[in-house]
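The structures come next, written out as structure tokens.
In the two complexes below, subunit A is the common chain; its partner is subunit B in one and subunit C in the other.
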Partner chain A sequence: MKVEISTEKMHAGFLMKLKGDVDMNTSPDVRSTLSDVFKQATPGAKALFIDLSQVRYMDSSGIATMVEAMQTCMKQGMRLRLVELSPSVRDVFELARLASVFEIFPSLTEASAGL
Partner chain B sequence: MARESEISRLNHKIKRLSTLIEVNTLISSSLDLDRILENVMTISKQVMNADASSLMLIDEKTNELVYQVALGAVGEKLKQEFRLKMGQGIAGAVAQEGKPLLIEDVYSHPKFYRGHDEATGYRTRSMIAVPLKVGDRITGVAQVINRLDGDAFDRDDLELFIALCSMAAIAIDNAKMHRSLMEKQRLVKDMEFARTVQESFLPQKTPEAAGYSFSAHYTPAQEVGGDFYDFIMLDNGRIGIVIGDVSGKGVPAALYMAKLGSDLRTLAFTEADPASALARLNDLLAERSRRGMFATLLYAELDTRSGSITISNAGHLPPLVKRADGSVKKIQSTGGSPLGILSGMKFGQEAIGLEPGDTVVLYTDGIIEAMNAREELYGYERLEAVIKKGAAEPHAQKAAIIEGVNRFTALSPQHDDLTLVCFGRIP
Partner chain C sequence: MTTERRAQGGGVMTLTVPSHPKFLYVIRSALYPIIIDSGFSKKDARKIILAVDEACSNIIKYAYEGDPAKSITLVVTADAGRIAIQLKDLGKKTDPSKIAPRKLEDVRPGGLGTHFMGAVFDTVRYDTEQDQGTVLTLVKEKR
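For the complex of A and B:
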């Protein structure tokens, strides 16, 4: 299964929505879209939100892509906020204790607050 | 007179045909793409008596024409600075339509793109541009520019150049196929090498300690994976036991694993306990993080004198302990997040006691996520059931788990490394 990626500019920064599988095969596409987003990011951009509600499966390559996004955000003075983890992604994050590393929010409204 | 002109025409034709034979021998004598391209254009320039010649191939990624060879006074400048889009300029039009063009006066041609002349100071007068075709597929465009005798190119020249280009196109295609085949072979060799390097980092034998038994299993997936395990012989009867999984697969994962393994071997000796060894290791990895790579890792120190194990778990799957009474329990540790993501993270650790007859099972997700033909996952329940049912002795325990997984997956291909470490106190 492939991944569908959409991005949109928001008041506080950018929103990326992922749908499908984020794995070894699809991670390169996500990475290259992320890199385009970071190129567009102006100094005013506060955060990158990634909506994971439609992600069916995420493997370690997919997680590495999220880690890299977070590291790039930090370098650019932005926050990475993961929004609405699908049940399977939530399982992976809980099992690997990733919840303490990422900022995770149940909805975009909550993720946008306090920026 | 008529006879003389006929003889001269035939002689001319014979000369051209022998040139073509010569050209064919020369360009098909090599499989080296760069050499073929250079040869084709050098010969074209000579045979066509042209002042300049160039060859462009279509870049399949961008669908642009890219100069491969450009011979003549301004050739180098062209090669470095110009790319043409499909349909742009004469070469672009020829590539798009797949039809050769003979142009006696270039500046009166509507498709002529003056940018090249303006940038280089060269004056293009007459030219021939021919598509390079293999079957119906257009792979590029070859051009000769300005006849040296000052005349415009004619139909005879066009015919010759088309013949020459059809041979060149096939030779270029063969060389490209050869190159991609060689690259694939090299990649396979690199992979095989990476796998031997990776496997050389795994312990050659299990530790020997009175009253204890150790057993380990590792089956790599088809691609080089990032699983690893290690035993580190420390002082005062202590043994370090490591299992981990680097994100991703392939050579990057294997190299990351190799570095991580050797760093941990050092830290196991210099740091006071597993938690501080992992904290230090995490900082080292996070400092030189590339592409978000990270590792889940469990580090346990077994004190063979007291039977106590201190475990620090960085996001790795929880170990299972089978007690002498037959009960099986997951050790949910405080631990911490996977290694290499953020520096400055703290890690927890816990100590458990190992009594005679107790066995600890460490494993990677290759076991939990092993998949059968119906796309079902092996899962914890099956693993726990096998451990419960099987003998407590580590070698037998390991064999039973591997057999259980293999029976479950049957002939389905293995997607991930399968790594297992069992150790226990002999009753």
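For the complex of A and C:
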């Protein structure tokens, strides 16, 4: 099972959209794309938005990838904002008790506000 | 990859998959309808699948040390309101005394799989008595 990854530059930074399963098999692809995004990020970039609405499944390797992304964002002076968690992603965040650690928004419009 | 279903009480399914991460989705796909048929909610089914998936990932990472040419066998016994899953590997034996979930307030990548198994299942038991490998038994009762 593959994960489809798309990225686009936005006014406030970058938007990454994930579709499919983010697991032990596909997390390295997500991590590699994130690395490319961080290389492209200019000092003016304010945030990285990750749209998780189409993620059918996420495991702890996916969570680890999100934690790493958050840590890199902090180092680069950016915000990591997670957008529209699918039910499976919500479950894993709930079990890992990480919902309060990340900035999570119901839509991209709301995630982009105030930046 | 082999599957075998045989009638025995509420139903027993045996599934053997190669120890490559690309086959984890096969396990997830096979388990979902069985868990739902046992009367668990969709949310419970997603959590059970997550915990089994983490257990399989740990077998790949630690018992087989990433070797994709080995195999993992699942024996799933499903009854109304109860599901028991045995995961069998022939790799490096698990040392249960060294398995501990990390503190959740310590936000860092990794170490969550064991926490998920303990949080989701009523029983998590490692058996290393056989000559080779480990048998991990996971049991969940519907509440």
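Operating definition for what follows: the second predicted complex is superposed on the first by the 115 of 115 C-alpha atoms of A that agree within 3 Å, B and C clash if a C-alpha of one lies under 4 Å from a C-alpha of the other, contacts with A are read in each partner's own complex, and residues count from 1 in each chain.
Keep in mind that, in the parts below, a contact is a pair of C-beta atoms (placed from the backbone, for glycine too) under 8 Å apart; a residue touches a chain by one contact, two chains touch by 3 or more.
These figures come from a predicted structure and were not determined experimentally.
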Quick check on the subunit A-based superposition: subunit B and subunit C, clash or fit? clash
Touch check for A:S88: first (subunit B), second (subunit C), both, or neither? second
Let me test your reading of the model: by the given contact rule, A:V67 touches which partner, first (subunit B), second (subunit C), both or neither? both
Let me test your reading of the model: by the given contact rule, A:S100 touches which partner, first (subunit B), second (subunit C), both or neither? first
Contact-wise, after the overlay, does A:L115 reach subunit B, subunit C, both or neither (first, second, both, neither)? neither
Contacts for A:N25 in the overlay, against subunit B (first) and subunit C (second): which applies, first, second, both or neither? second
Of the stretches 99-107, 243-251, 261-269 or 387-395 belonging to subunit B, the one that collides with subunit C: 243-251
Subunit A positions touched by subunit B in one structure and by subunit C in the second: 24, 60-61, 63-65, 67-68, 95-98, 101
Residue positions on subunit A within touch of subunit B in the complex are 24, 31, 60-61, 63-71, 95-98, 100-101
Residues of subunit B touching subunit A in their complex? 226, 245-249, 289, 291-294, 296, 314-317, 335-338, 341-342, 345
What part of subunit A is in contact with subunit C in the complex they form? 1, 21, 23-25, 57, 59-61, 63-65, 67-68, 87-88, 91-92, 95-98, 101
Could you pull out which subunit C residues touch subunit A in their complex? 20-22, 24-25, 28, 42-43, 46-47, 49-50, 53-54, 57, 60-61, 104, 107-113, 115-116, 119-120
